[in-house]
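Note that the chains take the letters A, B and C in the order they are written out, and that residue 1 is the start of every chain.
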Amino acid sequence: MLRIHHLVAAIAAASLFSVPVHAQELTGTLKKIKDTGVIKVGHRDASVPFSYLDDKQRPIGYGMDICMKIVDRVRTELKMPKLKVEFVPVTSQTRIPILTGGNIDMECGSTTNSVERQKQVAFAPTYFMTGTKIIVKKSSGIKGYDDLKGKTVVFTQGTTNERAMKAYNDEKKLGINFIPAKDHAESFLAVETGRAVAFPMDDILLYGLKAGARNPDDYEVIGEFLSDDPYAIMLRRDDPAFKKLVDDTVIGIYKSGEINKLYTKWFQSKIPPKGINLNFPMSDGLKAAIKNPNDTGVGPCGRMKC
Amino acid sequence: MFSGFDFDVIQRTLPYLWQGMLFSLGLTLLAMLGGIVLGTLLALMRLSGNRAISLPAAAYVNLLRSTPLILVIFWFYFLVPIAVKQFTGNPYASGIGPFYSALIAFTLFEAAYYCEIIRAGIQSVPAGQVHAAQALGLNYPQATLLVVLPQAFRNMVPILLTQGIILFQDTSLVYVVGLTDFMGAASKVAQRDGRLVEMYLFAALVYFILCFSASYFVKRLQLRITPPR
Amino acid sequence: MDFGFLTQPAFSGGGTYFDWVLSGIKWTMLVSVCAWIIAFTIGSVLGVMRTTKLRWLYVPAAAYVELFRNIPLLVQMFIWYFVIPEIVPKALGTWMKQGMPMPEFWSAVLALGFYTASRVAEQVRSGIQSIPAGQTQAALATGLTMPQVYRHLLLPMGYRIVIPPLTSEFLTIFKNSSVALTIGVLELTAQARTISEYTFRTFEIFTLATIVYVLITMAVTVLMQFVETRVRVPGYVGTGK
């Protein structure tokens, strides 16, 4: 449940006594948007199908659709039908500093809601449930994590998957040789070109990368979940008014059932740019998260102790 | 050797690459302009007889010249917004945007390099010129603006332009913070479509043609404007 | 500022965050020094080639300099790392990606080395060309052959002249080594970035990294000033300043 809601309710109730209702003053991000006339949306380049570039290099995806609903809601609430939307590309490494620095107002991508990140940023209700697995070439003969002993593994810098894989490597003393990459597409390319044998990432993104590969049948996603990764839109911390607007919008999409349409559109239909269909049915975890919207984060080391 | 490569990918993504090129060129021109203005100020500070003025300028220039550009980009990209917030006291201060973050980083970085070029340029103006200006009754700002700097810049134009070409090459480093300059655009396409070979060779070719013709032009210019000795 | 986090055990790998910094410094040094060896060797040869009157020597050298100077280092790094293994014969390409130890390190060294060679070549050329032609003519008049003139006059004098610009190139190579992070070499800047991500101590760790680069610059500058004084020719280069 969203604890913050109670807080907002309490503040709202308290403020009834001091502030006249008609003079509701905007604060935080909403004030910034009203003042500047622009809402800045952070997006990813290759988080298929959450937030990625289509063949015209425009950001699209499941997360982008939900974010655009939030933008619409901002337009209505602030009575700014002409509100400009600016799209800013972010990477796994830059997303948090860019958000806290104010260069974007929300990040719509594939960001795991983790307890550690909550020290820096806030999250909207979870909109996808996934977890770390690895993608390998079928020809590599890798059947599980323990086959990675002494092999080269590529990771995307700044991801929770990097930590989960490293925690596993430390625990099992596999002596994996890690190489860093800047974004998921670059990581996957390292596997495709044979520089690394495996790439640990949230399984849904791995299926997206596999489907978009030149020869999808050459790859497989294997392993048990190394971590659980609830995805959510990322917002600045300590901004209850904007968070409430975002939460209400997302929960509204859940309650109205519109989420099912969005889900089908991105996970069970052909998607741009190549017209692939991920055929990824909704998991029980996501169904639960939609039924009981929450912004609970996960710990830092995946399913390992640390 | 290039069988199985798909050079059509370049044609398909040309508009996107062009957008990136405009970003690179805009960043280069603005940072050059800002760098020269700030660099001139720093150079005048460094040449000042007052150590309270010359020392901070020297420290700034030496610090920036010892630090890798990538680190400077990280500094500004991640910390300037935080500093702006601290400075203005507004926790929701509007971010200055990725382009301007990069522009500030490049301007401040290049200013250190331009400062040294301009300092040498100013020193190359014979002292007699300053004395003559003073004899005519010009004060320091007048002598600097009307006599020293015009002559210094005349000599320096080729070096300033050459530094601009280096700056243009350096703008490719905004790749590290995920911005879409020309190289950023090329690498995004390269990675999304798995066309590394085609896109990176194309990027190399484009940079080469631009920088080679620009330096050829600078060389011609140098021959033309070198004052007769 | 609080640097206490440096002694905390790092997230992974057993050591502390300070060990990560040290490892970053180590890789910065290794990339820079290895690249410098290539740059200095090739740059010297090319620089000398450009000063000769022989067309078949100076044309290729000039072409090399133009090619490597006019392509950004980042692009060159990508070409060495991503492109070359794909366009060489398949077996060799596979070896470069999988068999060869530390492919990202060697790609970075080669890219930085060949790139800097073009800059070194220019310095060496201008150093040799700054020696008055009269000296060469005098040497030839005493019966020395052209190779002997290079051996006994042009190279010894030229290298003394280019010590200051070469020092600055050597310093540049340390700074440029940070570009290696784009192909996955965990040198100092990359480590600073990673630590900031794990500890959120961005300000402190960037400050520390900057200080290390400044110290490297100062150390090299002092060392090269010492070398410069030691090899100075009395009454000539450098003493006139």
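Keep this in mind: contacts are C-beta pairs under 8 Å (C-beta built on N, C-alpha and C of every residue); 3 or more make two chains touch, one makes a residue touch a chain.
Everything numeric here is computed off the predicted structure, so don't read it as measured data.
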Chains in simultaneous contact with subunit A and subunit B: C
Chain nearest the overall C-alpha centroid of the shown protein atoms: B
Between A-C and B-C, the pair joined by more C-beta contacts: B-C
Chain whose average C-alpha position is farthest from subunit C's own: A
Distance from subunit B to subunit A - Cα centre to Cα centre, in angstrom: 36
CA centroid of subunit B to CA centroid of subunit C, Å: 21
Computed distance of Cα centres, subunit C from subunit A, in Å: 41
Subunit B residues counted as touching two or more neighbouring chains: 78, 176, 196
Touching two or more other chains - residue numbers and ranges from subunit A: 93, 97, 182, 193
Shared-contact residues (touching 2 or more other chains) in subunit C: 82, 86, 182, 193, 202
Residues of subunit A touching subunit B in the complex: 27-29, 31-32, 35-36, 40, 45-46, 52-53, 55-57, 88-91, 93-94, 97-98, 100-104, 182-183, 185-186, 189, 192-193, 212-214, 236, 238-239
Residue ranges of subunit B in contact with subunit C within the complex: 1-2, 62-63, 65-71, 74-75, 78-79, 169-170, 172-173, 175-176, 183, 187, 196-197, 200-201, 203-204, 207-208, 211-212, 215
Complex contact set, residues of subunit A against subunit C: 93, 97, 119-120, 152, 157-158, 163, 166-167, 169-170, 179-182, 193-195, 300, 306
Parts of subunit C lying in touch with subunit B, wherever the complex brings them together: 66-67, 69-76, 78-79, 82-83, 86-87, 171, 174-179, 181-182, 189, 192-193, 196, 202-203, 206, 209-210, 213-214, 216-218
Complex interface listing, subunit B residues touching subunit A: 12-13, 16, 77-78, 80-82, 84-85, 91-98, 101, 176-180, 185, 188-189, 191-192, 194, 196
